[in-house]
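Look at the two complexes coming up: subunit A is in both, with subunit B in one and subunit C in the other.
For the complex of A and B:
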């Protein structure tokens, strides 16, 4: 299927087995990808955690770094996003979607590479997210491996658990790290050198370029500087193929620092911390895998009770289906060009109305 | 001569051979020549052609020794064809008055030997190799233009010689540099060292023959040079050697399980090789970098991906375990050249075994040997 790598990994954690299922064109035509496709897979495999990529994830389309994790929590279907390089890496590992069903008897991590999904038992339980990522990269021999990791928050099934991407917090607003913790899954490591095919490459690139030109004309500032952190901001980074370097790396001590996710920083400041203290605390939150939305004491957040589900807001469902970062919405993505990119990329006749209709089911 | 049997090529992949033999195999295979046997010693060469490609002639000699050299001489004298490319050419060319005891079957002089070579301007680790009282130096790398059969073609040079004179027939000479030529010394010194000098020579010895290439005609990015190489091979007489299939036939679940395990470990090894830090290892007289190791794993992955798609394949039972061992070696590899050499030889053997299985899977059974 164009714009996707070929497989869905259905990981049976009870049995320790993986089934590889081909992605059918009909599945994409009905669900497009990302959150919508995850929803469909969750219906097929209830009580599972689904990792999925959007139809544009990992392509030349600007901002196409997004992957989506979906699970049911307290009876509600919840979606959380991960980006950086993990979305593209998941797709290029050969698995555009991963279904995690059942529960491993003992802690495991999942290693996705070149259409191989390995379930590896591990003694990483109890390690923080930074130690876990460093260990996996060392163990598997490749520093470009992307990880989705749970920390103490996820292990203790805290309502404030936060999924961490390598070393930094994701937009896991629903504590889905705790669902991974329930399944005894400490981490998902991903690396792949796969390729996605494009049905009509010239038309696809033309549409992607059009969107990129539009975004660049509106992105005025360099990075996303945070007032009060200018002096300790070391650099601005962008996720995969994104024209907006919104990720600022802030030094929090000698040889230490944190990549700021603005919403998390503001949450800590709303709890009364000054901006520098908030940045330092954010680092600890990410190490422990907890979401500062629910408090300013990271250790206390590891044992928090259940929190209400946070539904997708505004246009987020549309972005989560395409696999494009919703932070770019502030610059106004050309939606008509995006639909043209999907049509040219997949070779499917998908109109804006069809897309909206599918997204509305979320 | 046995017309029914195709040309059989013995390709040396043992110690001293670098990765360029993969180019040779891929180019020949893309032209339908799949009768290649991989050899790691030269004790008994049962083939029409022996190919010694790029690498390190010092390491090659330290491995095959005087006995191996004598066996190659005997192979040629009995009608075999020797193809030397780059290191394989130095190995066969007597270019010093006091040569090392290599093959030395063609007397000549090379233009890139000097007591005091021109000053190096880039890639010092690729520039000089000590030889007796002087140095073999490599004035340029990458694509150069050659005059061949009255017209021009391009081929890349990665350390091969410019031949000033030899008691052999010249077939090609260096005529120009190209925009892609990379200069390791000054342009004028490079011009003096290479242009107008011979790039390919041939010589009959007893009943056999040698073809000695400076540039890599077999490099897959140079189709014109590839065609000339294939044309040259087509003129070599077939002497009726049978190519035995490698491994045993497997299919169904047995095949799926075997290929999955091989793919798992080749994939792991490939990713770890691409992730190696920027080490360099001196093995013999040649510098190796992680890219070379990754190149072998990449070739293995490509072959495994092909075999995965076939219903029925040839297989060697211990390949999954060997691939696993190599992956663990890559993951633990540091700056130690001895460890790198063990890994290099292991991955070369795995690669050549997978190529043999690929060829054996592709080929229909051959006609029995003609008495």
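For the complex of A and C:
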């Protein structure tokens, strides 16, 4: 299937086995990808955690860094996004979607690479997210491996648990790290050496370049500077193929720092911390895998009770289905060009109305 | 940093023989070939990696991958130290926070293990209207 690598990994954690299922064209035509496709897989495999990529994830379409994790929490289907380079690496690992069903008897991590999904027993339980990522990169021999990892928050099934991508917090607004903790999954490691085919490359490139040109004309400033952090902001980083470098790397010590997700920083400031203290605290939150939305004491956040589900807002469902970062919405993405990119990339006849209908099911 | 080169190339000497085998005339072909090269400004790189996918697409034409590119993003994530490496014929252009440096084949650098994969890649073929430049969102890569 064009714009996807070929496989869905159905990981049976009870049995310690992986089934590889081909992605059918009909499945993409009906569900497009990302959150919508995850929903369909969750219906097929209830009580699972689904990791999925959007139809444009990992392509030359601007901002196509997004992957989506989906699971039920207190009976409600919840979606959380992960980006940086993990969406593209998941797709290029050969598995555009991963279903985690059942529960491992003992802690495991999943290693996705070269169309192989390995379930590995691990004694990483109890390690913080930074230690875990460093260990996995060393053990698996690649610095470019992307990890989705849980910390103490996820292990203790805290309502404030936060899924961490490598070292930095994701937009896991629904505490789905705790659902991974319930399944005894400490981490998912991904490295992609696969290929994603394109149905009509020239048309796809034309649409993607049009969107990029439009975005560049609207992104006027360098990065996304945060008031009060200018002096300790080392550089502005971007997620995969994104023209808006909104991820500030803020120095918190010698040769050390934290990539700021602005919403998390603002949450800490709303709890009364000054901006510099908030940046330092955020680093601890990410190490422990907890969401600062619910408080300013990272250690207290590791044992918090269940929190209400946070539904997708505004156009987020559309972005979560395409695999494009919704932060770009403030600049106005050319939706007609996006639909053209999907059509040219997949070879499927998908109209804007069809796409909207599918997204409206979320 | 600027590495633009133009060459006046003696491209052909063609002999058209007469029936007795002696040359009738010679045609000397001259052509002016402009070789486009890529300039890197690492200070404005944001490590988005678009260049890798774009270059790979140029080489493979119908797939997205990062595995065919002549340009590689190098990153040490905890320190947020990053830059790009461009494989050229017989050398590697390193664009990193300290500046831009050309490493000849066989020379060692302090890029550690991150520099090794580039040695396995095809060198940049100096294509024009380069995809890596077209899709670089910051202007970190330029054709010169």
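Keep in mind that, in the parts below, the second predicted complex is superposed on the first by the 362 of 362 C-alpha atoms of A that agree within 3 Å, B and C clash if a C-alpha of one lies under 4 Å from a C-alpha of the other, contacts with A are read in each partner's own complex, and residues count from 1 in each chain.
Throughout what follows, contacts are C-beta pairs under 8 Å (C-beta built on N, C-alpha and C of every residue); 3 or more make two chains touch, one makes a residue touch a chain.
Keep in mind it's a predicted model, so treat the numbers as computed, not measured.
> Identify which of subunit B and subunit C touches the larger number of residues of subunit A.
In the superposed model, C touches more residues of subunit A.
> Just checking: does A:226 make contact with subunit B only, subunit C only, both, or neither of them? Give me first, second, both or neither.
So A:226 meets neither subunit B nor subunit C here.
> Does the superposition put A:140 against subunit B (first), subunit C (second), both, or neither?
First partner only, subunit B.
> Scan A:239 for contacts with subunit B and subunit C and give back first, second, both or neither.
second
> Looking at the overlay, does A:118 come into contact with subunit B only (first), subunit C only (second), both, or neither?
In the superposition, A:118 touches subunit B alone.
> Let me check the overlay on chain A: which residues of subunit A are in contact with subunit B and also with subunit C?
In subunit A, positions 143-144, 193 sit in both the subunit B and subunit C interfaces.
> Can you list the residues on subunit B that touch subunit A in the complex?
260, 263-264, 267-268, 270-272, 274-276, 301, 330-331
> Sort out for me which residues of subunit A touch subunit C in the complex.
58-60, 62, 85, 88, 92, 130, 134, 143-144, 166-167, 192-198, 201, 205, 208-209, 212, 215-216, 222-223, 234-243, 245, 249, 255-257, 259
> Which residues of subunit A touch subunit B in their complex?
113-116, 118, 139-145, 191, 193
> Going by the contact rule at the top, pick out the subunit C residues touching subunit A in the complex.
Listed in rising order, the residues are 44, 46-50, 53-54, 57, 60-67, 75-80, 113-114, 131, 134-135, 137-138.
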